[in-house]
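Common to both upcoming complexes is subunit A, partnered first by subunit B, then by subunit C.
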Partner chain A sequence: MVSEIYTHKNMSPNSFANDGSLSGKRVVIQPNMSVRGWLCDAGSLALKGFVALEDATTVTRMRNAGVELVGSSRMSELGFGLAGDTATRILSGGEADIALVTDTMGEARVAAAGSGIFGFKPSFGIVSRFGLVGLVPSMECYGILGKRLEDMIDTLSVISGKDKDDPSMPDEGFPDFTAARKPLKMPCTAGVVKECFDILQDRERKAFRTGLARLEEAGLTIREVNLSDFDLFRVVHNIVASVEASSSAGKYDGVRYGHRSSSGKNWNDMYLNSRGESFGSLIKTFLYQGAYFQFENYPAFENACRNRRRLVRAVVDLLGHVDLLVFPTMRLGHDAEKAATINHIYDAFLLTLPANVTGQPSLHVPSLALHSEVDIGVQLIGLRLEDPRLLSIGLKLSSTAQGGSAA
Partner chain B sequence: MKYEAVIGLEIHVQLNSATKLFCDCPNRPGDEPNRNTCPICLWLPGALPQLSQEAFEKATLACLTLNCTIQPESAFDQKVYYYPDLPKGFQLSQHHKPLARNGWVDIMGEDGRNKRLRIHHIHMEEDVAKLVHETEGKTPISLVDFNRAGTPLIEIVSEADLRSPHEAMEYVKTLRSQLRYTGSAECSLEQGTLRVDANISLRPRGTDELNTKVEVKNMNSIRNVGDAIAYEIIRQTNCLEKGEPILLHTRLWDPEKRVTSPMRGKFSGPCIPDPSVPKIVVSNDWLKEMQGRLPEMPGQKKERFLREYGLTPEEASNMSFERDLSEFFEAVVKQDIPPRKIAGWMTTYLVPALRDRNQTIRETLLTAERFTRLLSMLEKDIINAHAAKEVMLQLLSSEETPEEIVEKGGFHQVSDTTELEAFIDRIIAEHPSVVEDFRKGNTKVMGFLMGLAMKASQGKANPKLLKEILTKRLNPKP
Partner chain C sequence: MEYHDRSPSGHLTLSDTGKEVTLAGWVDALRDHGGVLFIHLRDRSGIVQVVFTPESTPQTVCARAGLLKSEFCILLVGQVVKRVEGTENPGITTGDIEVVAKDLAILSGADTLPFQISEKSMVAGAAVKREEGVAEDLRLQFRYLDLRRPRMQDHLIKRHRIVKAVRDYLDEQGFIEVETPMLTKSTPEGARDYVVPSRHYPRNFYALPQSPQLFKQLLMVGGMERYFQIVRCFRDEDLRPNRQPEFTQLDLEASFIDEEFIYALLEELTVRMFQIGGIQLPRPFPRMTWTDAMNSTGSDKPDLRFGMTFKDATDIFAETNYGIFRQILSRGGCIKGINLKGQSERLSKNVLQNEYAKEIVPGFGAKGMTWMKVMDGGLESNIVQFFSDYERNEILRRFGATKGDVILLIADPSWSLVCSALGQLRLHVAQRLDLIPADAFYPLWVTDFPLFEATENGVTSNHHPFTMPDRTDFDPENIDELLSLRSRAYDLVVNGEELGGGSIRINDRDIQNRIFKALGLSYSEIEAKFGFFLKALEYGAPPHGGIALGIDRVVAMILGTSSIREVIAFPKNRSAFCLLTQAPSPVAVEQLAELGLLELGGSQSFPGSKEQQDLIDSLSWVSRIRMDAEERPAIAAAIDDAKAYADLINSRCVEDEPMFSVVTVVNRTRQGTEARVSQLAEKGELLKNAPSTKGGYFKVASILE
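Moving on, here comes the complex of A and B:
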């Protein structure tokens, strides 16, 4: 069944296992996550009518753990940004406990921030991408949204871990998510990046300060740290992601599936017209940008890759001095859902994309960074594979938030 | 000639692994169209490439046998271009970090001296799909067969060390022999499992300029490689002498007309590091294991054959050039037949017979054991060489034992002196003038008379005895 908020509504959501660790949990996914027999069009005409042939690894694992798959939401074209995404509406409507969304530049966290719920992006490479119709392989991952952090931790426990079908997962071991439920080891120091703080508007700063105060109340020590290359995150993400997107979308030719143009004198015309008619203007611009770096300005791409490595080193270095970094999640006056140009979209995700560039886990905690009813969110970033620790801090903070004065 | 050719070869070799490079589909491009496909090699949304361990190991063996250094870290790149034969809009290849670098092969130069030709690097890549253009009524249609898409290739890129068509042909021959030895590839130019592209430029002899090169493709035999390069050298020489510029482009060799003709401008798309195929990191232990898997190579084998079996250098080369034949040779040697006799027989009779039948030794019914029994009968004078050749030809396709064939075909050698004397007496009686000539001192006619006597015995006479009797008869005791 198709509706305004679902691309596929599952009419028989009962799962195979009733005694699994996620038994009875209702999960909504996106139509770029393969479920055998479900429409899998990644929100794009380029995949119009494409039905998945087999289940994604995450789907198999969740079903085996007792999840009820509610359906798939609507999503932005190819998962780039949040335009048209309905995952949070389904959660707010109480129709699901957990939503999985593709997080390429912070989509899960920013969507969560807009709805007062938790959003988490796990470390790169700990959740299999097999069956995920992706766009930016080196940056994207399954992001998780939910009202209850406990549900999210249980889900992560199920979907993460080695998968023989995804050889791109690094062989570095996997976090043990049960550790997230254990009490946090104190003391704990959170670093605030000065270069990030400096670009915030006054209102954002005020809200963020409130959030930092709540962290201190919970027993964390706040320290200012420097990351002089902070402004590079945006440009590095833009160049690398657009190049990868251009490659990933190269397969959409409208021949075997997807929209196929009826006009054209020869196959070259057919390809050009089909692709021209399939992609929306935002993704088209992004792909075009990627092709520009591929064909016309390769040195800029190489430079971006070098800078990316430098940024990873710098952040790892900082996390040697503090236990985690803390940023606001979203910007005021930059509505991610309405972003219609590349610039607007990068403005809206400016604070979340660093974790996608470096592959680190990042958690958005709601209800802390409030100012005049506006919640810009507290975003925690930790070392790769230290996901349980971040979640454990999240649990501590949420109990503070629920019991605190902001509630 | 005042110009010197500078030639580099890029050779694509299809590995004979059981599966494709990134999925478990059978590596059989010739099957019914689109039979050997899956979501990975069709690159359907959600698929992820999985590097085949077998293809990777075979590629490594190929690199090792060509004396290359396996790189501690190699990785795949996306070679981006849009064409219907590429299901994902890019080809997975190794551009920035190839599997191996700095190899060489030794060839015999035209002056008979050893020449070392360097290999710049070897990388792995996937092959593309096959396009078939047809018409449906009056409408032209293009069909895509994905059986070949994703099958494993290695590309061997030489340094521009080659100077002549001869060197190019020798390079390809040597490289093919080495690769076949490893068992990683079939290397047939005719069947397209080895494809040669030649980059050719000219420069004034004695300089070290590097001028604009022209790429020549589509040579489907070693001879065509030589001929296409020779043609291209003459064509470029004519251009230069007329003052016409050489343009960077690709030409196609036409094996019928024996000319090259322009194909298209040379296009090279960008190569972007692929984020989904993990980089390949090679440990020393693994490398040692792979080295241990390499068989004895033709060069080493030749040296050993010289040493152990007393073959001449030419015989040793002939017996070591192909792995199957060399193993066949050694199996027969073990049965106490003189090595030089085996080598002689194989070179003179067996190899030409295989060539005529367009078969390899494995494809025939002739085993080393059967060949040994045949040669033993020859050694023991049960049959003569003429008969042995006939029996050998039958052994290639008959399941009968050599003895049965000899028996049935009546190939037994005639060593009965009375019988032989009868043949000789008849010939002497029929050719009195020739006998006269001989007795006057023209000993050359001996061969003629021997031939007649052999013919009279239907080729079965024991030649040694025959000669003895004939000599006796022609020189009656005074």
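Moving on, here comes the complex of A and C:
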């Protein structure tokens, strides 16, 4: 069943696994996550009418754990940005406890920041992407939204872990999410990147300082750190993501599925027209940028990847001196849902995309960085695979925040 | 053990029984019967079974034999014995005997093979192994292993025999083989050249020959009288499945001859070549003018293994009331058709109307097709009610139609379009209805081609500008007259495939000048391109002519292989890439610098690189995404951003390995060795999401050649 906020509404969400660890939890997914028999169009004409033939691994695992899948939300085209995404509306309306949102440049965290709930992007490579219709394979992952961090932790324990159907997953250990419930080891130092703080507007700084003060109240030590190449995150993300998008969107040919142009006398015309009509203007522009680097300036792509290594190294170095890095989540005056050009979208996700470039876990905590009723969010970033630690800090902060508001 | 007295394995027979023989070759297959080991030993001559048995073979030799695996290269001594009755293997020529091993040396071991080489079963009556299972790209990558297969060996040996037959026959006929240069100047065949940079003349290039055309004519001027060459030619043409960037040609030229000489010479030559494949070509080869070929088959390389030739029906409809035909005829058009004898039951109205008339024939360029089924009561069709009684009766008479026939007509204002569309339709229907006899060979000569073809602003040579016209008194400025000229050219066609072509050449400077004038070439252009050649025509050039045959194609046809790559030892693949050597490949900057090629890009501008407009069009093309005019400004702005990002990222770059993924990339091989069909494909589910399917396949628009 189709509605304004659902791409697919599940009319029989009841789970048969009543004794699973997520028993009774209601989850809404996006229509780029495969559920057999559900429309899976990833918000794009390029997948018009595509009905998934198999379940994504996450879906299988959640169902086995007792989840009730309430349906799939509406989403931005191919998960790039947040235009038209309804996941947070479904959560706010109380129709689901957890939402899964593809996080390519910070979508899950920024969406959460706009709705006063938690948003988490796990470490790259710990959740199987089998059955996920992706766009930027080296950066995207399942992001998780929810009101209760505990639910999110339980969901992560279920969906993370090795999957033979996703050969892109690395051969390394997986985080033990039960550790997230253990009390946080103190002392704990949070680093604020000076180069990031400097670009904030006054109002944003004030809100962010409020958030930092709450961190200190919770017992964390705040330190200023330097990341001189901070400005490169955006450029590296833009170049790498556009190239990967151009490459992975190559499969949309209007032959096996999706929209087929009614004009076109021969194969080339059919292909050009079908793809020309399939992609919306934002994605199309992005794909052209990708094609530029792919076909006209490949050395720039390679250099972007060299700089990516440097950025990862720099952040890992910083995380040797502090326990986590802290950024605001979203920016004021840059509405992610209304971003209509590549530049606008990168403006809106400027503070969340570094974690996608480095593949590190990142947690958005609501209700801390408030100033004049505006919550720009506090975003914590830790080392790869140290997701549980980050979540335990989140638990501590949220209990402090609740304690604070109760007082 | 010594190699020099070894016997060819495949030549051993019952008469060798009792002899001790030395054999060398490769282990084709093994079969271990608990203590008794059988192997198939293969060398170029064939396969023989060798037995290692504790009763007759020394124990150390048996132990050594236990190490053998497929494709080990070995040397052995053994005794030929008759096989026990009932154990003969008729699948191999030596199936009546086997060799009991006395001694064995492993000359060279072999790794696990990328694919199976053995083609012969060790057990009589077992299934013959087929080559289709191995991907061609893998075969090409390991061509040296592929060449060990008896089938490939047979192809190359037969090719050798065919080429040797050519050399022997031409030698008998007084032809001498002369080599011509590979590093040469661009010749006027019209395809793109492969160019070779010259180090001594920086920024100057040799061209690899597209054919030795001018050299062979100069050999005639040089008084060689009869020349031939088995020569490699190079053409940088668009990729086609059955085309190679380099190919082998039999090139020949003779002086003081006419067309009849060539026809007689080539007929005997072709017959001898096909005999090597056990094929007797029917003689004499018939001849057909180009006009007749077009009028009766719509092709300049007619496939006459089956009938269904065209009949012209234009005159029948001269007074017709059927609007579409009347309109076409009023514009000077024509109507032609074919009769599919007795095929009415196999071609339903639905197929004729919805497949052929609506889809297939429009794909051949015609606007439509008229079909008529011949029934008891006359013609049946969706338009036959518009035809008069006279028209219906005349059609039946003209096409010799009887009950059960199907008549297909194509009408169009353009004669050449009618011919070409009906010609393609003829082949399509013949293939679909399986009307082409499998083992038939139908050679013929096609003659009297038009000398020129019309272009937008004049004429161009149909063959090449050195071909002699049928008459020499033409006015080089009268285009109508030029287009009516026929050339003294001829093509040898077998089964609808052009195996070769040639012509009588111009040996008179004045005629040659007028041809160039007709082509609109200026004096300076002529001088720059062919000056050296025209000069030669001023020194007593004899009348001469010649022909060239595509050897790869001829051999492939004689051996009945699926592609010409099967008869070439080291071919490129369909994408003109050599998987074995990985050519073409980049060269070092130093090498480019030495050749003076580094600066070329800087000093010359390439088409499409100049303006932003072109860049965006090119991106639209390479990424196959059409863009509207109103989308262009936003895309242009985004590309400008991308360029600025590229500059920024390049300026901040560090010497480091690029990081393509934040996790360690692991190469994985999927479990299982057998290719299997996905269940989703088997159940047809993969087709469910497709916008258009047909008969269990995805349906797409036709691919433009």
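We take it that the second predicted complex is superposed on the first by the 404 of 407 C-alpha atoms of A that agree within 3 Å, B and C clash if a C-alpha of one lies under 4 Å from a C-alpha of the other, contacts with A are read in each partner's own complex, and residues count from 1 in each chain.
Following the convention adopted for this analysis, a residue touches a chain if its C-beta (ideal position, glycine included) is under 8 Å from a C-beta of that chain, and two chains touch if they have at least 3 such contacts.
Since the structure is predicted, the reported quantities are computational estimates derived from the model, not experimental observations.
After superposition onto subunit A, partners subunit B and subunit C are found to clash with each other. Of the two partner chains placed by the overlay, only subunit B lies in contact with A:130; subunit C stays clear of it. In the superposition on chain A, contact is made by A:165 with subunit B only, not with subunit C. Within the superposed three-chain model, A:118 lies out of touch with both subunit B and subunit C [touch as defined at top]. In the superposition on chain A, A:256 makes contact with both subunit B and subunit C. In the superposition on chain A, A:304 contacts subunit C only, with no contact to subunit B. In the superposed model, more residues of subunit A are touched by C than by the other of subunit B and subunit C.
Once the two complexes are laid over each other on the shared chain, residue contacts for A:271 go to subunit B and to subunit C alike. Of the two partner chains placed by the overlay, neither subunit B nor subunit C lies in contact with A:177. When the two structures are aligned on the shared chain, A:295 is found in touch with subunit B and with subunit C.
Within the superposed three-chain model, A:233 lies out of touch with both subunit B and subunit C [touch as defined at top]. Common to the subunit B-facing and subunit C-facing surfaces of subunit A are residues 50, 53-54, 138, 167, 170, 246, 250, 255-256, 267, 271, 295, 305.
The touching residues of subunit A, when paired with subunit B in their complex, are 32, 34, 40, 42, 47, 50, 52-54, 56, 129-133, 137-138, 165-168, 170, 243-244, 246-247, 249-251, 253, 255-256, 267, 271, 294-295, 298, 301, 305. Residues of subunit A touching subunit C in their complex: 49-51, 53-54, 124-125, 138, 167, 169-172, 229, 232, 235-236, 238-239, 242, 246, 250, 254-260, 264-273, 275-277, 279, 281, 284-293, 295-297, 299-300, 302-310, 312, 341-343, 358-359, 384. Of all residues in subunit B, those touching subunit A in their complex are 39, 42-46, 48-51, 78, 80, 82, 84, 87-90, 142, 269-270, 272-273, 275-278.
Every residue of subunit C that touches subunit A in the complex is listed here, in rising order: 615-616, 618-628, 631, 634-635, 637-639, 641-643, 645-646, 648-650, 652-664, 666, 668, 670, 680, 685-686, 688-692, 698, 700-704.
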